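Below: a set of structures, written as structure tokens.
Next come two complexes built around subunit A: one with subunit B, the other with subunit C.
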Partner chain A sequence: MRRDFLDPYSRLDSPIHRLGAGTKLGTALGLVVLVLVVPTSRPVALAAVAAALVAIAVCSRVPWRFLAGRVLMLEPLVLGVAGLALLQPGGWRLFLFLLARSTLCLGTMVLLSNTTPFEDLLRVMKAAHMPALLVTTLSLLYRYLFVLVDEAGRMKRARASRTFTRRRAWAWHTGASVVSQLFIRSSERAERIHAAMCARGWR
Partner chain B sequence: MHIPDGFLDARTAVATGALAAAGLGIALRQARVHLPPRRVPLLGVTAAFVFAAQMVNFPVAGGTSGHLIGAVLAAALLGPSAAVVVVSSVLIVQCLMFADGGLSALGANILNMGVLGTVGGWAIYHGVSRVVRGLFGRVLAATFAAWCSTVLASIACAGELAVSGTVAWRLVLPAMAGVHALIGLGEGVITALVLAGIARTRPELLEPDAAIEPRTSVAAVAAYGAVIAMTLALFASPLASRWPDGLDRTAEALGFGEKAAPPVLNAPIPGYEMPGIGGDALATALAGGTGTLVVLALSWLVARVLVPRARVDDPPGAVGEP
Partner chain C sequence: MTAAIEVRDLHFRYAEGTRALGGVSFAIAEGECVGLIGPNGAGKSTLLLHLNGLLPESWDGPGAVLVGGEPVDARSLFEVRRRVGLLFQDANDQLFCPTVLEDVAFGPRQLGLSEPEVRERVTAALAQAGISGFEGRAPHHLSAGEKRRVCLAGVLACGPSILVLDEPTSSLDPRGRRELKELLRRIPITKLIATHDLDLVVELCSRVVVLDGGVVVAEGPTVEVLSDEALMLRHSLERPHALRHLHPH
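Right, the complex of A and B next:
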């Protein structure tokens, strides 16, 4: 099963990884809020947050290259919105400030997701009395995400090995077929999952 | 359309968070009432499906490609409340596991795509497929609703950015709505292709009884309506600020009014100025209305190509059967 595309380093062993998931979620939220309340006139405060993030990143032993790559991968979204600020009079300062702010928050969240396994976050949500149906849905989403991504990958590979055309319309047609078959297989899988859950004494 | 951290101010983040919690709360309640235990795993697996389906690329032009968003697809297949839970779960996992969409903007993202896009899209899907019957009607409705859902969510997103004072409304609205009017066309076509594909092999999955919530109660409609109306009043009010109504005052009473930025771009067609009504507001409304009608016509075309005429007159039970 391919599970390297989401949070490949969340199961490393380091002082940061050993911290409780609630602590890490709380710290991440705290850092994001801290970054957001820094006024435009005090960019120095952002440097302090950046230093803290670098310290956490070093302690967590998550490879630098990966962290930077992940942040850069998500940066276009930030640039897209921040770029609009450039069109306003005197937008340069605002643009740079928004860019720094969002990049710091992005770094925080990338660090959080790669130091905390999702099931630990789910446990925090359960302990915080989030609605049971939402927690169940999130855990099943996380559990079957990798299975379905694999399934979609197999279908894409099968399609690629049988269609020898680069025509765009055909690519859309076969792509949509993959998606609709994926839904049909998912709904059949959901029925099997329910049977398996009942067999193990669920409800 | 995932808003990253750092673009919303505290008030907007709190207001969108509260509205998103309300919308998601209604959806969870409705889903709990209607969902038989047999189908509880369906929500999670469908959410995983939406996530996986977003990784299937559709080539556009010059090496770029798009992907399905899936809000209207989920709503058409499962009903509105289950779809809200599904899309919101996908957004939560994207935020916490992939840093796609900010933590402080999670409420706004759930509100825009999970609540507004999904419930709004479903309402349009439901309305249109009631008028035009059969599989053809469902494909037409889904195509049109998918476009509307994408554009609606982008307008709310633009409003939130403008109200936060990040970018001027007059810049962000055309940029967001314009880009997403194009993205929405792709979303509409993919949704139509996927629905037609499901109808070819498992038509019973498209029957209204297959949805988790075949009938929406009046209370649920009222509750969703209240959340959507509040959202539009708070975040789309700059759009209507020239119009003499209560939206403007609501925004001002809540302290959002003074954030309305001065005009940066001039009205594209100043000749449309009418006494009492802002020229660009009218132009925007006209452009929006014309665009929507064009997309409705395009949806008709897409549905006609995917569902040939011969099938339209079939009784509903026989639709899509070989």
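Right, the complex of A and C next:
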């Protein structure tokens, strides 16, 4: 069972981890807004933010390989968005700028989630009067991502134990049925969770 | 005396057409511990969901479920859910909060208690379930046995007068099973336990209800019913080992 694939370093002990969750969430949001308002003519400001992030990462003692890996893993999404800039004439500059911007935002979030336990973030959100339904949804999302990944892992193993061919087409076919099964199971589980919540007085 | 739970001629059909219950009737007295047994697909889980008003489709149909003499319907729903604590079969369905503390506090918070009272209830419930000090743990860091105990604590924290358990010992190792049995024995309220663990039934329940194909096929004192080998085999059950080795000493 992969227990901590999402935020394995969120419970380390470092000066950054010891900071209040509210401070960290506020700073992260501040950095993201800052990155977003920097005009294209001032790439130096982005470099400053990057330097700040690197400094925080070093203080937090989260392995840099892990952080870089996480950002790279999410990079295809960024490329998809930034790639659109290439379609306009002379879009290269804009493309690089968008790339830098999104990567910095991603880096900020990866760093935040690996220096602050998620339930602390939820508590801050609740205290800041975020809509209760949104906080509940986020909390359920976090909780059941682990269950979902476990379930997918079990199904993958079960499939592997009865797969006797290397044929690609077959792999794709069963892969698709695993995804659909996962969807059905999740929706059934959602119903059971709702029942369990109701059983303890949820309205 | 009004029964703690009374089920009268309860019918239920799932939307896709499967008939789950075809006229179930039985009653449980205050303080009794009753076992609900039967093969897979007999309708046990469906029946238990009714005891918490979780299948509202059947309120208009024939039959009724009464908790403390009150019919379960839209009006009595929340009172019923407060009085009847339901332990679900899959612990992951029941543990939906990011920490043990949040999860056990979920019920008490719904009851509108103040935060210190909620804390008090959580501490007491965790102690009762034998997992004091687990407050800060995340559900995905717990073993199956610990998860089951946290679920039980979450139910006990609501202060129910009736405990309804769906397969409480499934996926537990023998030690976990033994400890859970002891825990349940020490909880002095009315209990209904749906299970395939017949030894558990012999040890804890004074009476059993046998369900098969959505109807009650037998009902009576545990030893008497479970010793009827022909009956047991007919309904995909068996005479438990505990009854084969009943020594006079």
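Worth a mention:
Following the convention adopted for this analysis, the second predicted complex is superposed on the first by the 152 of 203 C-alpha atoms of A that agree within 3 Å, B and C clash if a C-alpha of one lies under 4 Å from a C-alpha of the other, contacts with A are read in each partner's own complex, and residues count from 1 in each chain.
Note that a residue touches a chain if its C-beta (ideal position, glycine included) is under 8 Å from a C-beta of that chain, and two chains touch if they have at least 3 such contacts.
Keep in mind that what you see is a predicted model, and the values were worked out from it rather than measured.
In the superposed model, A:I193 makes contact with both subunit B and subunit C. In the superposition on chain A, contact is made by A:E119 with subunit C only, not with subunit B. In the superposition on chain A, A:S139 contacts both subunit B and subunit C. Once the two complexes are overlaid on the shared chain, A:G201 sits against subunit C while remaining clear of subunit B. Contacts of A:A152 after superposition: subunit B is touched, whereas subunit C is not reached. One of subunit B and subunit C touches more residues of subunit A, and that partner is B. Of the two partner chains placed by superposition, A:C59 touches none, neither subunit B nor subunit C. Legend: residue contacts after superposition of the two complexes on their common chain; A:L34 is shown touching neither subunit B nor subunit C.
Note: residues 118, 139-140, 142-144, 147, 189, 193, 197, 203 of subunit A belong to the subunit B contact set and to the subunit C contact set alike, using the contact criterion stated above. Per the touch definition, subunit B reaches subunit A in the complex via residues 2-7, 9-10, 13, 24-25, 28, 31-32, 35, 37-49, 51-53, 55-59, 68, 73, 77, 85-86, 88-90, 92-93, 95-100, 102-104, 161, 166-168, 171-172, 175, 189-190, 193-198, 200-202, 205, 264. Remark: subunit A residues 6-7, 28-29, 32-33, 35-37, 70-71, 74, 77-78, 81-82, 84-85, 87-89, 98, 101-102, 104-106, 108-110, 112-113, 118, 121, 131, 133-134, 136-145, 147-149, 151-152, 156, 168, 171-173, 175-184, 186-187, 189-191, 193-194, 197, 203 touch subunit B in the complex. Chain contact summary for the complex, subunit C toward subunit A: residues 49, 52, 54, 78, 81-82, 85-86, 88, 90, 92-99, 102, 106-107, 110-111, 138-141, 154-155, 158.
Across the interface of their complex, subunit C is touched by residues 3, 118-119, 122, 139-140, 142-144, 146-147, 189, 192-193, 195-203 of subunit A.
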